[in-house]
Structures are given as C-alpha cells and as structure tokens.
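For reference, the structure is listed below as structure tokens.
Letters A, B, C, D, E and F mark the chains in the order given here, with residues in each chain numbered from 1 onward.
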Amino acid sequence: MKRTIIPEIKKELIYKLAQCGCREDDRSLEDFRSISFETDVISTAEGSARLTLGKTDVLVGVKLQPGEPYPDKQDQGVLMTGCELKPMAHPGFESGAPSDESVEIARVVDRGIRESGMLDMQALCIEPGKKIWMVFLDIHVINYDGNLFDAATMASLLALHTTAVPASRFGLGEDFPLPVNLWPVTITFVKLRDILMADPTVNEELSADARFTVSVDDNGHFRAMQKGLKGSLTYDDVVRALDMAQKMSLELRTRIQTGE
Amino acid sequence: MSEDIVLLNSDGLRVDGRALDELRPIKIEAGVLGNADGSAYVEWGANKVLAAVYGPKEAQPKYLQDTAKAIVQVNYNMAAFSGDERVRPGPNRRATEISKITAEALENVILTNQFPRASIDVYIEVLEADAGTRCAGLTAASVAIADAGIPMIGMVAACAAGKIDGHIALDLGKKEDNFGQADMPLGYVPGTGEIVLLQMDGHMTMVEFRKAMDMAISACEQIHELQIGALRRRYAVNYADMDDGGTEQ
Amino acid sequence: MKRTIIPEIKKELIYKLAQCGCREDDRSLEDFRSISFETDVISTAEGSARLTLGKTDVLVGVKLQPGEPYPDKQDQGVLMTGCELKPMAHPGFESGAPSDESVEIARVVDRGIRESGMLDMQALCIEPGKKIWMVFLDIHVINYDGNLFDAATMASLLALHTTAVPASRFGLGEDFPLPVNLWPVTITFVKLRDILMADPTVNEELSADARFTVSVDDNGHFRAMQKGLKGSLTYDDVVRALDMAQKMSLELRTRIQTGE
Amino acid sequence: MSEDIVLLNSDGLRVDGRALDELRPIKIEAGVLGNADGSAYVEWGANKVLAAVYGPKEAQPKYLQDTAKAIVQVNYNMAAFSGDERVRPGPNRRATEISKITAEALENVILTNQFPRASIDVYIEVLEADAGTRCAGLTAASVAIADAGIPMIGMVAACAAGKIDGHIALDLGKKEDNFGQADMPLGYVPGTGEIVLLQMDGHMTMVEFRKAMDMAISACEQIHELQIGALRRRYAVNYADMDDGGTEQ
Amino acid sequence: MSEDIVLLNSDGLRVDGRALDELRPIKIEAGVLGNADGSAYVEWGANKVLAAVYGPKEAQPKYLQDTAKAIVQVNYNMAAFSGDERVRPGPNRRATEISKITAEALENVILTNQFPRASIDVYIEVLEADAGTRCAGLTAASVAIADAGIPMIGMVAACAAGKIDGHIALDLGKKEDNFGQADMPLGYVPGTGEIVLLQMDGHMTMVEFRKAMDMAISACEQIHELQIGALRRRYAVNYADMDDGGTEQ
Amino acid sequence: MKRTIIPEIKKELIYKLAQCGCREDDRSLEDFRSISFETDVISTAEGSARLTLGKTDVLVGVKLQPGEPYPDKQDQGVLMTGCELKPMAHPGFESGAPSDESVEIARVVDRGIRESGMLDMQALCIEPGKKIWMVFLDIHVINYDGNLFDAATMASLLALHTTAVPASRFGLGEDFPLPVNLWPVTITFVKLRDILMADPTVNEELSADARFTVSVDDNGHFRAMQKGLKGSLTYDDVVRALDMAQKMSLELRTRIQTGE
C-alpha cells in the first residue's frame, strides 16, 4: 500500500471515541461489523464465496487440478493461497507485483487453514508419489475498508466448505466434496495507544499502533497468530485479545455457518 | 474452428435456445463499489465483470503527463478463478492487447482535454468468463466513467456478432466462439454513430460482414439503453429530486 | 513507444496534402510504397524473409522444434508469434519488456495467419496427445517507418512459405515443406479527420486519428480486422476500407508471390 | 504435523538432549563486517546468521522519505546453500513476510523520529538454516543496529517456544519444528516488556500459550544478556578507557 | 572440448578449407539503417550482425548522467532465430557480459569528455550466429559510431585467435570453437596499439598465447582496412567533393 | 555497482605511491594481501569455504542434486555458477536482479573452473541421456574490498576440493568425493596509467584504468583471461602480466593447498 496518511485530528477523534468505548460506526470495541455473504457465486470455480464485512468486500474462488506432490509429502495434496490487492479496491493499492501486505494476508489466511487441519490433505492424494490434487485458493479483494485478514478467512472457509473436487472433469472418477471440517475463524484486533478494538475499519487501521490476528478453531484452541504493524503489545494485551477472540469466535462461526 | 459440432438446430435456434439476433440476458448496475470514484457491475450471460474508475487525478509518474489532456489507462484482468483453467495472476499478452484497445476506445469519448496532466484509471476485473468479456468490460467501464461524473461525448456500448454454422449470429457464447467460424467485437457510440473498437477473426465475406455490423450496432443500441437505465437507477433519488425541482420552477 | 510528438504544422501539412489526394512521398492515398524482399536470408532459421516497405525494414525468422500439444488440441501443432520493437529501429522504441504496441502487432499478425487456416495445424502433429511441431515465428523490426502490421504480415507469409520442417535434425524422418497455402495479406489504413489512406508512414501514423487493419485471403474474404488508435471510424469508413482492401489485396499478393 | 515421530524420550529429554526449557547454544559477535555501519553474527545451534546495517542515510528514491522520521527497511535472505534443498536466489513469499515483520519489530525500538527523511537499511543473510532463523535474524539485527550507534529504546531479543509431543518446549530445532504441534516465535524488548513480534502456528490451548509465552520471554531475557555481552566485547577497549576515565574524574 | 574430431587435415587446412592464419570472408557496410544516427552491417563468414548508434543525447534517467563525460551503453542481443536452438527473447547472462565488455572497449576510444551528461547508445543485433559474434559486433559498432560522426581516437577492430588440434588458428568457426582447445577474442585499436578487449578460455602456453596475439593483431589490422573501406564507400560522394574542393583551393 | 567515485586526490596518491613501488597497505605491486580460509563451514552445503583476502570476505557453497543433462552433452554433469553482490558487502552494491558485475564475476570464475577441466564432468553422469549431477556453485560476497575475481576463485577451488557428492541422500549409492583435480587459480591486475599492480583493493580498483584477470593451472598454462574496465592494455602489459601471473600462481596455489 502506498503511504496513506490519515490526518492527526482524525486519529485523535478515533482514539477519543475509543476511550469512551465507541467507534465511528457506533459499534462497541468488541463488535464485528455486519457480515453478509453468498456462496457458489462463480460457476467456473469449484467453490466460491463473496463476503462483505461492513464495506470490506472480498471474493474467494477455489480451483482444483491434478499435479505432482512435493518430494517431502508424497501422499498429500497441496494448498496454494494467493491474494491480490488491486487498485480497484482502494486508491492506496498499486498495480504490479504482489505487495508485502498481500503476501502477508495470503500467508496468514493460509496458515489458519493449514494449521487447523481443516483440509484433509491425505484425502487429496490421487496416487502416492505421482499425482495429487492441487487446491488453488485465490483471494480477490473487491473493496477495502479494513480487516482483510478476517474477511478473507471467512470467505475462504465458506468457499472451501462448498467446494466440489472436479474428479470427473479429469477422468478421475466421480466428483466429491472437498474433505473439510472445522471452521477456524480469525479475529483481528488493533491497538490504539492503550486500547484494543476488534474488526478495524481502514481508518482505525491507519490510526493503529499494532495489529494482532488470532485463529481460533471450533474447540476454542489457537491455530495461528500474527502480530503486525510498527507498534508493540504487552503480555496483557495479548492475553486479553486471546480471551476475547475465544468468545467472539463462537458467534462469528455461527454467523457464517448459519448465514444469520 | 471445427464444424463437426452443431451450433444451430433445425428450428434455427442456438445451443442456449437463443435466436440468431438475440442477446444473452444482461444486467448492469452502477455505483457498486465503496472506494472507487465510479464503478459498475455487468452480468452478461455467465460473464461477470466489475469496472472501477479512479480519477481524474494527477498522472504519476510525471513523465506520463500530457500537458494538453488527460491520459486514460486501462487494466483488464481475468481473476484466477474466472475460467475453466486457473489463470496465473499477472499480465499476459491477451490482457495487454485488450487493455490497449479498451483504453483507445474510451479515450475517444472522454473529454480528456478538460483535464490536462491528469490520469483516468480504469480497472476491469473479469470474475467469471464465458466469451465476450472485452465487450462486457468496455460496456461496464463506460458506465463506471459516467458514474464517476467524468464528462463524455457519449457512452460506449459494446457487443460482438459472429458466424456459426454459416449464419451470422449475435453475441456468441463460449461454445459458439470455440466452434464457430468468426467473431467480431464492436464498440459503438450510439449517440454519434462512431465505431471506437472493432476486431474480427475468422472468415467473413463482405455480405456477412455488413450483416454482422448491422446486428451488432442494433444490439449496442439496446445495451446503451441498459447502461442508461443503470445510471438512472443509481441516481434515482437525484433524478426524482430534480424532477420535483423542475415541476416547481 | 515513448510519447512521440509530431509538430502540429507537420500534421496540418499531411492533412492538406491528403485533401488533394497527395502524400509526402508522392503516392496516392491508396498506394502502397515500394516493396522489396529476400527469402532464406538466415540459414539458422527454418524459414526467413527480410522485407522493406518503403523505409520500414522487417526480418522474420521461423524456427521449429518438437513439443507437447495443448491439452485442448491434442492433434495440432502450435504457432507462437513474437514481435520485438527494439530501439535500433526507432528512437521512440524502448529496451526491456515487450511494449503494448509490439504485443498488438504480434497478435494481429498471428490472427491473420491463424484464422485464415493457411497453416495446416493437424499436419504438424507428430504423435497425437504426445508430440507436435511448435512453430516459432519471430518478427524483428530493423527500421521503422510506419505500417508494421502489413510489412510484418508480408514478411511472415514469405518466411512461412519457404520454411522446411527440420524433421531429420530431430530424428523424425525426412524434412518436408511446412504445410501452408493461401496468402492472407493485411491492408492497413489510417484515418486523418475525414480521410482514409493506406500504408501509412510513421509521420502519417503520428498524425492519424484512427487505424484500421484488415486481413484478406486469396478469395477476397476477410480473416481478421483490428481498429486501433484513439479516434473513431464510421460505418462508411469501415465499408470503404474493406472495399479498397479487397481490391488492393490482389495486387499486394501478386507482388509478394512473384517478387515484382 | 505427524505425531508418529518421538521427540521426547522417557527422561523428558529432546532429540538433541536438551531439556524442555533449554536453549540451543548461542554465540553472538558484534562488528564482524568491514564496510557496514554496524554488523553482527549469530550462531544459534546450527543456524548461522549475519546482519548488517547501513544508515541512517538519505532515503532513496525520494518518494520513500517520511518527513517525520526514518524508515526502516529489512531484507531477510536465505543463501542458496543454506538449506537441504538449494534455495533459488531472489525474493520469495516467505522471505517477504519475514522481512516485513522484522522491519516492523525494529521500527518499534529505533528512535526513528531523530532521523527524518532517512533510511536505515538492515540486511539479514541466513548462511545456514536449522529452524528459528527469523528469531536469530532479529536478534542479530538488533545487535547490528546498536553496533552502528543508532539510538534505540532497547534491543529486541527473539526466541520461539513451541509444542512437541504435547509439551511446551523452548527454541525448536528443525526436526521438532517439522514434527511438533506448534511453533511460536516471539520478539521481545526486555527493558520495556514490549512484544514487537509474535506469530504462532499449530495448535495451542490458552494454558499452553501462557506457558509458551513465559518460557519464550524468559529466554529472550537470557538472549538479551548475550547481546549485551557481544557489544561489550566489541567495545571492550572503549569501555576500559571509560572506566579508567571515570575513576580519575 | 573433445579432441576426437579432426579439425585440421593432412594439408594443414581447416574444415572450411582455410589456412591457419586466414580470416573468413568479411563484408562491412556502413549507414544501413534509416533512423539510427549511425549504423553498420557486418557479414563475417555465416555471422550476420547489425549495429546501430543513437546519440550523443541527454542521458535518461538523470541519475545515469556523468557530469564529466558521456556514458556508453551497449545492448548486445541474439535474435530469436539466430542460432540452432531458438533463443528466448530478453537478456541472459552471456549477453549481459558481452554488452559490458563491449561498452568498456568502446568507451576507451570514444572522446566521451566532449559530451558531458550525454548517453551514446549502441545496439548490436546478431541476426545469424556462427562463432565470433562478439568480435563481429564490436567491429560493426565501431563503424556505426564513426558513421554517426562521433569522434574517436580510433576505431576498434576485433578478431579472435584460438587453438585447434594443437595449432594456433585465426578466427575460429562454430565447429572449431566447439571442438578446439582455446579461443581468444581480441579488441584492438590499430592506430594506437591499444588492447581494449581481451578474453581467453581453453588451454594455452605462453608461446601459444604470443602466437595467437600476433595473429589476431595482424587480422585486426586487416579488418580495420575493411572498416575504413566501408566508411569510404558510405561517404564516397563527400570524399569526391572534398578532393575536388582540395584541388581547386 | 552504483557509480562510486573516489576523490581525485586519493587517486593521485595511489598512483604516486605506485610509482615508488608502494601501496596503501605497504605491499609491493606484486604482493597479494594475506589470505585466510576455512572449509566445511556450512553443513547444509555439500562443500563450502569462507576465504578472506585482506578485508575482502567471500563464502562459497556447493550443492548437488540430480537433474537432466543438456541435449548436446548427454553424458556430462552440469556446473552452474552464481554470484550475488548484496548491499551487505558494500554500500555501492544494490538489491535486486544480479548486476552486470556479478554476472561477469560468476562467468569468469566459471570459465576458470570449466576450461581447466578440473571437474570431471563425465564422472558426474548418473545415467547417460537421463540423469546427471548438477553442481550449483554459489558465491556469496560478505565484505568487498576489491579483487573478487581471485578471492571467489580461491574459495570456489577450496569448496569444490572438499565437496562430497550426496549420492546416498538420493538413493544413488554411496557418497563419494567430487571428482576434481588441479587448482586453476586466477591472478588479477589493475593498470593505473602505466603501472600494473596485483590483487587490487577497492580503492585501487576505483583508481584503475583497466583490469586484467588470468587463470593459471598447475602446469603454468593459461586457462582463461578477462580484460575489464574502460582503459586499455598494451601488448607488453599483457605479456608482463602473464609472466608475473605464472610465477605468482605457484605461491598462491601453495598457500591455499597448504593453508599457510
């Protein structure tokens, strides 16, 4: 992202509101914005979901094709996660090679999925040592208003849970559902001076000192974490964030599982 | 282009049941994105295309600036999951060519001389592709530019005509494009009658070409109505206000 | 191409001449410049031709090698057309990655050849699904004075018509002529305000509002078209251009077939 | 992460004989390069990492400059021969991410507002890798920055804790990282108690996480002593001089 | 370099019938391109090489400018169809090295201090390659620079000598280069006796090296005559004019 | 390398010293700086050496893996030599794609090794036409104070002479020493106006008009040469340099063979 500056007075306002437990959009510090989504939106993809989190709008598509296994994982499928932050989504995004931010988002979303074991990689082996399914998960950001980590993760989970393996198209038997279980959602906080708030907007991200993302699985266990931005966290910040994330993950998971 | 495959049945209907001069269903929506200065979404058969416009703004880097007028930069891109095979992200030769001719088509209608040294940046994202994405993209881009309030002499509407089983047909679908005998995308400005984009590949006689042009131009006029409708819906409140105002004055 | 500006007074002159049916180099609006060419100029290529159209100078080389077919065309050869606009040819051309212009030229030349069916792709299959001939057609622009589309197309036709498939070099039997027929030449026009002229020089291209290229086969049928530049054409312009192109294609084809 | 492989023997010792809360041997040396403004070399188990610092100097190109403070740019790189498989030279996604979070961790401790428009460039070269290179790199970079005389609120020490065979363990080696259940790299500023880098992947409960954090923080404090020792050795003469001077005055 | 293959027959003649100290046929033509400020074409055996020169002109981007003299930039490129295997377009390591040493050779003879802040850009295109293209390219570039009217202390002529079947031989062809024992390209300025390009690979004793040098220098002197001849033909009219003029005055 | 300028007065000083046969660091014109090295410094590499030549510090690692032979050398292994001049080593080096200098160094080191025949390429064939050993030799410059050609060559020789082919790791039998013999060292001179000096420091390189590198094998025969920089050499310069190189190569070879 190009250096995008938010006026000091705006920063101050966001902080003052936060001190009163308030936000620009009338949420509490621990509230997520409204979530709406639709799955199977792209018929050329084996699975897809478009999700809006407030004004952040993300489209995830999943494509599968047969490929060769990695030498050290002869009997496992491969997951490849990509993320593109195109100028369409925000004037601060630039054309060209993937930015550091897009690489970080792709890798954090990927870790949440991979480390939770939600995807049964061994069930994606076609012939050990020879042929496996490659799962390409591509995150396409359509409009950016903060908290891409969580929006992209939720859209990815929805897309994966509705993906069919296109075996018949490659003469490899009948199609079958992608072997997935679990819903390892992530919860992202930013810290403004001494205050933590969840699900930041772009203005809140630009005002923030530090960012912290945590992936929580269906059992309330942690699967991935990522601290970002130039500020620091205290031990207490981290523990508080993890506590909140455990609670909030339940509601978030229910919202995307039930669509309510 | 093989001719073993039957694209036209004995009733003269096409693989998806359309008549020769019938468009696929088209939906256009304006103002669909939060951050862009203007935007539009087009569903055209199974094609799904988004267009966003940023600008006019100062062109960067400076050596790109034209002291007499705005430059128009178009980036046409296929999403990784938009086709049967995964598309590797990043530019390719097909996208480069489509970006170029789309920019040239738009530069023709935008009043660029009102914005010296500026850049008008257009992003076209093909989310799902089923033949005809360059026409859908150009159609969407025109609406997005209008939505951004950038002055134009008229919106470009675009549509292809082609040839299947020896007959001229409008707006080829993917199978028709793959197994037909010609495809001819046209970008047209109904207000002025200008042709701003024209390509053809395949095999056409002069008679066939004229028929294809007539069919495509007529379709562009229909599409232009859809473009205007999308903008009208987008600014419905404003138009209503203006109408009220008009009544009173 | 870097933004290359032609003085307004020069533009005006070119237009005034055109109004009288004249051109800088004393041609009529429908005349092509002199054409001269030589084939088999590069012995490392399987086919080659160097062609000058006025001061535009183009060298085309054809190389063949065995390769794998595309998944959706198991029994067909592959044609790959490249074009390089190097700074040697014009001060406006830049080093580095292929420019938009060079991509457009390569793709338009390629379409003219491909869509005419002049190259029998099925005869370039060695073993269906396994091995086919890959035809690399490379357009090397040596000096640029306008109308690369037509010069490159003519040089490409000449090179292809004199290409031998190097089967023996790869242990695949005896060499044989590349299976080609037809001479789908292209004719390029530019429009200055209300006037169409064929075979533009670089000054005429820089003065032009729009460009229109049409590929015409031996039967006078159209095989490819491409409108370029920022201006527009009317319906009548297009029909007039196609009419002229049909006529002019006969002469052009004869000139390169007979060398006269 | 497979659990077939035994990482903890019946005596509670690890594959390399360490106890659960035991660091691998660590050696830190400051001022090891001739041209860099500051530098450090860290051997950490089988990891071998060099860090070099150039700056503060005017940031180039100018659009990178921040008028209020210095920017910190980090380039983390694995040498071609540093792993089991040859690493193809040039950036990759893993290196891009590590460079980014390392820069963010360092920017937190450097007094960047003392150097407006400047750039502080940090180069981390992993010569040999055996799990834990980002922590070794961040640890080395902090020493290199101090060696360059760039003011900091405190040096960052970094160390990972993880989980093997169901137990929380400090500073995982390559085999433990490959076959364990979690890894959690931490960058910590002992002077202020700030956490400036934190990542985790795997599977941890809240109880396990707290144990891992405690273990990693305690290790960072040990490593911080080694960092200070390295700087002290580097400036031994100077310190000696200063002590003498101090006595006399 | 295998020695199974016989490169020298019992009469001491080479695979193409040449004597050991015999050049391949060389044709040089100056002023062959329409747009370049200077140009030359060299056919040298089966090698076909074009050189073009643009400049002196203001160096761009500005950070390339040298306030004391012109910079010389060379781009040596093999056309896609110039060799047995198709060459993928774009730079490669061999071309990068040849471009560098060719620029260094030319910078030595051009009076660059007459053109501060300028760039002299040389493009060498190998249309067909048969061993010896760097010498042919440097020879052509010198003529092109002269053709552009850029002042030089002298033209560089270039030629290789090498070793085949144990004998020193001039100007190796492709088969001799592949199966010989050494190759030594030399760039030489006959007017001043300066060596501006020198490379060797293979196996040579001191005695062999001296013999190779003598042979290559003598050949460079012949080639220099051909360079002058090409320029003379190019400016034949002008020379004639001057002669006439001279007589009268 | 970015344009790095050395003050004229410094240049003048270096030249004046050289006229008296002296150098900045009290060497004679034909002396090499002190050399120290260690081999097997990187256990992930199949062979490695770190060598310092004065303050120039170079690390070379050798990795091997099975691969496919080149079509024209079906029964021979492959040597790939890379060199990275990273900003860590000198403020004049830049990040990004390999510079011209690094390409030249890699290619000259490679030629010295390759042309000497020190590496028995045929002994690196596993199965003719199918599988050969690929030898990746990577030169990592840690600190730069001139004369990378010779430092990199010496480190490369040391690394190669201590490399074991990791056959067992790839199920290809027992490990065995890389089949090498000979020690083709290079000697590099720079010319300042009329004076030649060996083993230049970075200040001497920046003051120099021309550079000349020559590879000398165990028999005193020449295996590779490379003239560099913008100045010229005379015939006599070259012959003198070769003479000196022959003599100096003996000592240099002994120093790295014996470590003394």
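In the analysis below, contacts are C-beta pairs under 8 Å (C-beta built on N, C-alpha and C of every residue); 3 or more make two chains touch, one makes a residue touch a chain.
This is a predicted model, so every value here is computed, not measured.
Path length between chain C and chain D in the chain contact graph, taken as the least number of steps between touching chains: 3.
Any chain that touches chain C and also touches chain E would be listed here, but there is none.
Averaging C-alpha coordinates per chain and comparing to chain F, the farthest chain turns out to be B. Most remote chain with respect to chain C, judged by CA-atom centres, is D.
Work out the mean CA point of chain D and of chain E, and you get 53 Å between them. With centres taken as mean Cα positions, chain D sits 27 Å from chain A. With centres defined as mean CA coordinates, chain F is found 59 Å away from chain B. The residues of chain C that reach two or more other chains are 98, listed in rising order. Viewed as a network of touching protein chains, the structure reduces to one closed ring of chains, two contacts apiece.
Each chain touches its two ring neighbours, and walking from chain A in the direction of chain B yields A, B, C, E, F, D. For chain A in complex with chain B, the residues that touch the partner chain are 41-45, 48, 55, 57, 59, 61-63, 65, 82, 84, 86-91, 95, 98, 136, 138, 140, 142-145.
Those residues of chain E that touch chain C in the shared complex are 33-36, 46, 48, 50, 52, 54, 75, 77, 79-86, 89, 121, 123, 125, 127-130. Interface of chain C with chain B (complex): residues 3, 98, 100, 103-104, 106-107, 111, 114-116, 212, 217, 220-235, 237-239, 242-243, 246. Touching chain A in their complex are the following residues of chain D: 66, 93-94, 96-97, 99-101, 104, 107-108, 184, 189, 192-206, 209-210, 213, 217.
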